[in-house]
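The following pair of complexes shares a single chain, subunit A, combined with subunit B in the former and subunit C in the latter.
The block that comes next holds the complex of A and B.
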């Protein structure tokens, strides 16, 4: 195999300089679980590789004044086990748990999963309902964009070639908020999702407000379900309300038929997962 | 070509390599450590599992460019490791090994598991070994082996 030019900077500023000079024809790798397989199978010639795995300044999970900040190089395993995430973004910990095997979760990073812009990425629907903001940095500056505006299609994003995704942040979940991530795959673990449903809302008694719902694997990118959220706004949870919400979310799901599942099954299951998530949350939620 | 320095089973090593040569190939070809096996070659079957900085990883998708300063434990280093030795003995005593090809990977995942969680439940063992595939045993005796090792280590 021909040798691929690889840069392994030790500082973020150096990585950004390399990106600004090279621009096209360079792929960023961190855990590299996806790209290395493509390179080794010669499915893709990345031109050159920018290996950011030594930028330890991008490895952190912290909570600052109600905001949870996750550094780009944080692995799925670290997220799944983080006391901060378990408390302040529990559904993200749930999604990180099912991303892959322990070995893959020890390598793969959250920023890699997001930047890959796969519509089936399990961490993205939870990050969307949490209201996450992505920090994109280049040698000329920094910008912060909502995660919902990041991916434009499978593998495509608004990130410029000279930018690096360095941080993901979201408002910490408060005690009066409920949330869940439910997904369906061929197996419980180690399978790519057919459908994923993330939900977050404030909940007083059983009355829902500030509802946010995101759906994975049912469109070219992760999408929100605004009509379902609007229907639930101000309603008290009941099995009847959940059933009606499920009917609406099925119509908002825009699935296709592919190797993993069919259009109609995926759309129906988006509703079923919403009902399942509600049942799980309200069984344990006092009020 | 790049030069990387790292530690394998407690020994310092320096390797000159293509930046995208895999840790698996470096272990087997450059360092002669052939205990680590290649299965799928794309991080799915777990046969090539080693421990890197305390964490189980599939060595077939870790590349030379990522190895600087890393601390690697392979199956060859297990007999000098308290948990590793207990696992090896327990796998033998439980009949956990049939063809044996997947076993180095299972031992490494089990070593990472017991280091983090010395007294795992059966479900925790299943989750800890979920990234390793065995096509002979049906897993039952492998789980028995891990439980036996945990029980012996806890005494």
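The block that comes next holds the complex of A and C.
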């Protein structure tokens, strides 16, 4: 057995102090569900670890004044079951349900999913369309950046080595907003996303406005689909409109072929999932 | 008829001699069996009599359930001893290369490394292989696939062993690759082995294929391609070995035939067989994947060299690249039928990619050929089959053993033919089925009862089949929510031989011993690989001895304690080892009566056994098993040996079989035409396994087999590119999970097998074979597209739907 130097602070301030002192030489772990796999697969020495999972102050889901705030350590399980999220960030609850298996959901955290900066991360597309803001904190201060500016490529972010992601917040969904997250894996659950589509818009009758769409697993990072969103802006939902939107979103998708799927299937499915999501929402939507 | 043999038959000799260690043995061949037992099996196995049994046919909890759940039962990977070292294998860097030199000096210097071994440290033939020994334990001058073992490290910890692997320098000269099995057939291809690239080939003709096709009204020709598939058992290959001061080598490991493992170790390392003890009762899943040698010889070598206890446990990745898989196969079939639904001619061409070494490629090809007509009579047949070597990993035994691949093609053909002549697909099957007395396939004779007709009949009457139009309509929901869902219902049928077939020693043996406390110990040399056969065997003994199963102690495969009972493969254990146990138990009861008669002073023929006692018919004089045990100086021990019946004529090694099981399945599934996703909703299975010894176990086999078949049809594939495995973990090798498991209903037909224990046949392989073709047939029913290439992924479905749309 190998021993790994591990710090398990009980206070955020202490964690930030360790980070600022150690900088590059230490890695943060929360649920460790991503890290463990990376360490095992790359057979690399992870160096020292900063285990933040005891920082209970980062474990919360709150709604204040129209803003939903989620603490970094909140698990997928907690999100999936939260009455606040089910009501105020419905598609995020849908995404959290999809993540891995019950075991993974009990350990994996929302911040871990975001900080890992994987293009296939399931909670990121929903957070994008919700207009989420990330709070990054270091011992020298705090900054807030929109989630769209966070990841720069697979595994790469604008976060500094002395920073922790401590909170994710977004404007609570209002009753006149619709949202969905649809994704495809190689099997129903416990599989990595082949393509994921997050959608949010205001909807009056069937008229869409303030449309936001994000796509997972079809580019080196989670991307938005601005042309599709622009097309849908102000349109009444109909099957024809959905079909046209699907065609546009397919051209915005920039997938590649790999062991899990093909480029053409993924791009096509970005459209298919949009259609599927609309069908699901509008069959239950009043009016 | 012509057959070309390229087999060197060096099967392991029987280990039954010398005869029993004391006690008495009853040995029965089929001929003797017929004279003495058939009538009683026939009359007793009638459904009405089943109620008379105390333990047979009952839902008895598995004897290994509790210790497996509470963790007290040790699987091979659970074994640790003080002072043990870890072994790790250096695998080949290239799928095909010459080895110019191996330098282990740096690795040896690493602190914690005990020893680094190469081929130079091996005294024996340094080869293994069930059918022929062509696979090196540690490669000498050449590697032929990426799983080839080049060096073996023994170190104090796993981590040091791992590190040492990186320090071994191997000087390779990469060679051109042979990755296309068609290329392997060519005269001028690269030769992977001295004798060429053909492991085995078979060519048969029966009747007159030309006039057969001339008499057909409809002829259908298709090529089916099947992928390489992994057994994906829960426990990867593991074991522990040690040597005592007298030189006795004990290997506890996974495996499927302990006695053959002894022979393979002895031969490869030139170590005396008597000095080797294999203990391998419980294995964490096998499905054929642990039939060939995995860790055994490496463990033995390391223990003998270091004289330390040592442990080897393959990682999942190592398992994927080094171990055997289900053969990728290409099968071309041309089949003719009359408009009345009589099959008249069948031409079959098979090309099977065996990978780098022989293992069981030859016998698997034999079974593809044996089952290529399905369970149907076709008078005119021509088959040509080849199994070849390539640099594509390794393929060998896998549940179904070739019959799976053969039926995938044939059961697709049957549905296509049925549609073309406008006949119900189950009726077409029923019209052509093999019955007892028929000459079928390559010219074999069905000498035993065979239940496929009854299986088909029961499937045809099942409400899911009779009501299929309504069920289909309900599922295809058009414009509502689940947009574009299309439901399809498909069927497929299959059969498969039990046992190893003609030409291979095929027997089983059980020993029973009376313990001082009146309980009985049952010694059985087959292996519990998860199928539940130790429980079934215990039930058989319990029934004859009239002793509750908890009073029977089970001792599984241990070459120094149990008799050789053959392989745990080929759907043979409950049938053969069960029958040997029945014989042993009858023998044991006779001996008990003999001893009891001395105590109760009544002649043995007036005595009966009941609930652990021997009593006379009036029930007045009773003597318990425990009293008998304490009256004896020598322990009372009885043996039973059963020889599986064999056909008169031999076609090729392992061909043909004599005892056959069958199964019919109905699959209901939904296809999402928007995304190409397939959801299997329901599967009805109608296996004929003879008498059901334990319904829980038959259902367990059936349900597991169906999910495995779903994996084959829809999800699983070992991806190999240029000789390298691309998916070596369970996140990229996609298995179905509990979310994919449909509603499953298993309703067996019980056509008693007159040579089987209480009429039992077997069930382990036929449970998986029909699922994939039934899924293909259901897909066709749903969306009108015929898939012939596995697995059918959503990508393929979407592409096919698109092509179909464009054509219209």
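Keep in mind that, in the parts below, the second predicted complex is superposed on the first by the 280 of 287 C-alpha atoms of A that agree within 3 Å, B and C clash if a C-alpha of one lies under 4 Å from a C-alpha of the other, contacts with A are read in each partner's own complex, and residues count from 1 in each chain.
Basically, contacts are C-beta pairs under 8 Å (C-beta built on N, C-alpha and C of every residue); 3 or more make two chains touch, one makes a residue touch a chain.
Quick caveat: nothing in here was measured; it's all calculated off a predicted structure.
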Contacts of A:276 with subunit B and subunit C, given as first, second, both or neither: second
Partner chain in contact with A:265 - subunit B first, subunit C second, else both or neither: second
Subunit B versus subunit C as contact partner of A:102, first or second or both or neither: first
First, second, both or neither for A:190, with subunit B first and subunit C second: both
Contacts on subunit A seen with subunit B and repeated with subunit C across the two complexes: 1, 37, 41, 189-190
Footprint of subunit A on subunit C - complex, ascending: 157, 159, 162, 480-481, 483, 674-677, 715, 719, 726-727, 729, 731-732, 734, 736-737, 739-740, 794-795, 798-799
Contacting residues of subunit A [partner subunit C, same complex]: 1-2, 37, 41, 43, 184, 186-192, 259-262, 264-265, 268-269, 272-273, 275-276, 279-280, 283
Footprint of subunit A on subunit B - complex, ascending: 1-2, 18-20, 22, 41-44, 46, 49, 52, 55-58, 61-63, 65-66, 68, 109, 112, 127-128, 130-132
Residue ranges of subunit A in contact with subunit B within the complex: 1, 3-6, 8, 32-33, 36-37, 39-41, 49, 51, 53-54, 77, 100-104, 106-107, 189-190
